[in-house]
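The following pair of complexes shares a single chain, chain A, combined with chain B in the former and chain C in the latter.
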Partner chain A sequence: MILTTNTNKNALIANVEAKEANLTVADNLKEELVALIDKGNKFIVVNFENVVYVDSSFLGALVSSLKYAIANQADIVIAGLNKDIFALFQLIRLDKAFKIFTTADEAAASKAL
Partner chain B sequence: MPGESFKKFVFTNNADALYPLSVDIIDHLKQQVSPDEAAIQKLRMVLIELLTNAIKHSGNNETIIEVSTTAHSINLKKTDQGNTFAFTTDGVKLEWPLPGNHHMGRVVSIYGDNNCTLKGNLENNWSINFFIEEHADTEAMDNAITSLPEHFGLMIITKACDNFTYKFDIDTCTNNFIATINTVTSN
Partner chain C sequence: MPVSKKILLVDDNQLVLEMMGRALDKEGFYCMKAISASAAMDMLKLDTPDIILSDYHMPDMNGFQFRQNLIGMPDYSDIPFMFLTSEGDNNLMLEGINLEAVDYILKGTPVPVIVSKINNFLHTVREQHERALKELSKAAVSLNLNSIPQKNPIVKGFDVDFWHKPFQNYPGGDFIDFITINEQYTFVVLGDVMGKKWGAWYFSFGFLSYIRAAVRICISEGNFSTKSILQKINAVVYHDPVVNDVLSSLSLIMIDTVDASIKYSGAGDLPLLYYNSAEKTTVQITSAGMLLGLMPDGDFDEFILKLNTGDQIFLLTDGIIDFEGVEGKRTDYNTFITAITPYLGESFSEFKKGNFLKEKTIAHVDDCSLIFLQKIA
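Showing the complex of A and B:
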């Protein structure tokens, strides 16, 4: 398991526990997010606050999971990016595909509004 | 010459060694050329993707990362003897070295989305120079998510670099990915 979860208001917070979010854990991310969506979670906040870096494999799994979420009337948003990972999202414009929040609490609050 | 340096690093294609090696290389470059924070951020992105590419495609052989600097640029060259570069474009698989001379000068699409396409200029039978073609007229992202690619490695390196090329060396049968980041901006 690379995700630990907790609920916050109407959001499910999925904390990425791997410091190195790379190709060794990309498949786990997709499997675990798909399982959370299959359980009926409609608003999942993927929290990166413990993550040092992400690679393209992990980003690919994240995008694949977002497509699955949308097909199942769910949403995945992002929180807790360090400045390097945020710059990477901007570089390949994934900041346009995902809603990005500074913290998981802020993301959860957006759903509660 | 001021700013000129060269050092060779060995990568064992082990994921556990990926991040420590990227830190070692950046520390080395900080000592050589004192890159600014923007250049360091690009270097991190490029190194992580080059090393990820090595794990995916280099097999059990080790990968060599040659790091060189000039007064104006940082150059990262990844060399391995794994699978040669290959991708499918317009339903045709291109695999290096390319057969025949008829590909020279062609521009091919590798992958992309509504915002941009990663393309390659086939310089000759042995090399391809990557570049990004931005699309001026983009659709709303809500409608474009389903068309997003799920492979970003080459696009990340191409966007983070000032020049990115793959060359197959026929003499040594090695794959060479060469990324250049300019440290002095030309006006």
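Showing the complex of A and C:
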């Protein structure tokens, strides 16, 4: 398991439990997010609080999960990015694909409104 | 530089974990330490070591049960496994070795001997691996499957060159292509399929085929817009079940030799670097487009740049902006820009020979590619 989950208001928070989010855990991420969507979760916050580095395989899995979410009328948003990773998201325009929040709480609150 | 090897040490004795951990750290290994078999199972979910070194006598789950569990799990059964235990009973030793363990080492064995045993084993694995890799690469070459060009294109009034370094010598997700339409137009393609090694490499051919087709179709229809070429590629990729689960960045440039200009559109790619020779300034040009296949409308745009003699363009993929820092890996575009700036303006052949790329080759953690264009007299 690469994700641990908890609920916060109407959101499901999925915490990435790896310091280095890379190729070795990318497949797990996709599988676990797909399973969460299949269970009927409609608003998933992927929380990067514990992550210091992501590689392109992991980002690929994340984006491909987003496509799966959209096809199933669900949404995946992002929270807790460190400075480097946030810059990377902006650099390759992933900030256009994902809503990005500073913290998981903030992301959950956005859905509660 | 060899990548540091990860060892998962499993022992219920904290002292042994610390002592062995320290000895192995000193030898350049990276140690993951687990105080029980179940703690080790948790660690395996997050990271894959090159080898597991486990005790036999442990409460709850002993070393044999641990090994048996791993054998039953396809994700972990291939990780080489050694026992490191004080249990010297001949029957048990035999039982341990028979559990597909590569070695059974007694704890009294001097640490340097243990280290040598691990080193020798990993060395053999590496050699076999490299041999297999060579065979596969040979097969790919004989099938004419190249995602990187064999030579630079000849473009009148321009110097076009590239540098590419695969990750740990695997073919990877980066792809480069030069499509010469006629004396006036040449397309430059740089993409990065998100993923590593063989999986990404395989898909790079899929993307390259679409890109080549889209370029040719647009040109034959008299459409010379890089933006509309990207829109066409994106629409196909978005709907095609073979590649729509895989995403790729793309930088597409069309060189116009008559007009001495370039047209540029990008999809989730890193900003292009434009060096103005007369002003000796560098500008980053960021395209608006999203990764290929991500959204039905990729939001693409198009830049036209008139180039004067000496002006340079750099295109890059993200592997080149990753760093292995003191606190682990990180991605930092600005550090890269600061590092490369002093070299802008000099000739690419000198740049290729210089220290900048040599250091990159040592430190890189993913495929790295760089395409270079310069307007010459």
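To be clear about the criterion, the second predicted complex is superposed on the first by the 113 of 113 C-alpha atoms of A that agree within 3 Å, B and C clash if a C-alpha of one lies under 4 Å from a C-alpha of the other, contacts with A are read in each partner's own complex, and residues count from 1 in each chain.
Everything below uses one rule, namely that a contact is a pair of C-beta atoms (placed from the backbone, for glycine too) under 8 Å apart; a residue touches a chain by one contact, two chains touch by 3 or more.
Everything numeric in this text was worked out from a predicted model, so none of it was measured.
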Exercise. Can A:S56 be said to touch chain B (first), chain C (second), both, or neither?
Worked result: both
Exercise. Counting only touches as set out at the top, which of chain B and chain C does A:L23 meet: first, second, both, neither?
Worked result: both
Problem set entry | Touched partner set for A:R93, first chain B, second chain C, both or neither | both
Exercise. Between chain B (first) and chain C (second), which does A:I2 come into contact with in this model arrangement: first, second, both, or neither?
Worked result: second
Exercise. Which partner, chain B or chain C, touches the larger number of chain A residues?
Worked result: C
Exercise. So which positions on chain A get touched by both chain B and chain C?
Worked result: 20, 23-24, 52-53, 55-57, 59-60, 63-64, 66-67, 84, 87-88, 91-93, 96-97
For this session: Note which residues of chain C are touching chain A in the complex, please.
Result: 45-48, 173, 192-197, 200, 244-247, 249, 268-271, 288-291, 294-295, 299, 318-319, 322, 327-334, 365-366
Exercise. Which chain A residues qualify as touching chain B in the complex?
Worked result: 20, 22-24, 52-53, 55-57, 59-61, 63-64, 66-67, 70, 83-84, 87-88, 91-93, 96-97
Problem set entry | Residues on chain B engaged by chain A in the complex (per definition of touch) | 15, 18-19, 41, 44-45, 48-49, 52, 55-56, 113, 115-116, 141, 144-146, 148-153, 155-156, 159-160
Seminar exercise, completed: Contacts from chain A onto chain C in the complex sit at residues 1-2, 17-20, 23-26, 28, 52-57, 59-60, 63-64, 66-67, 84-85, 87-88, 91-94, 96-97
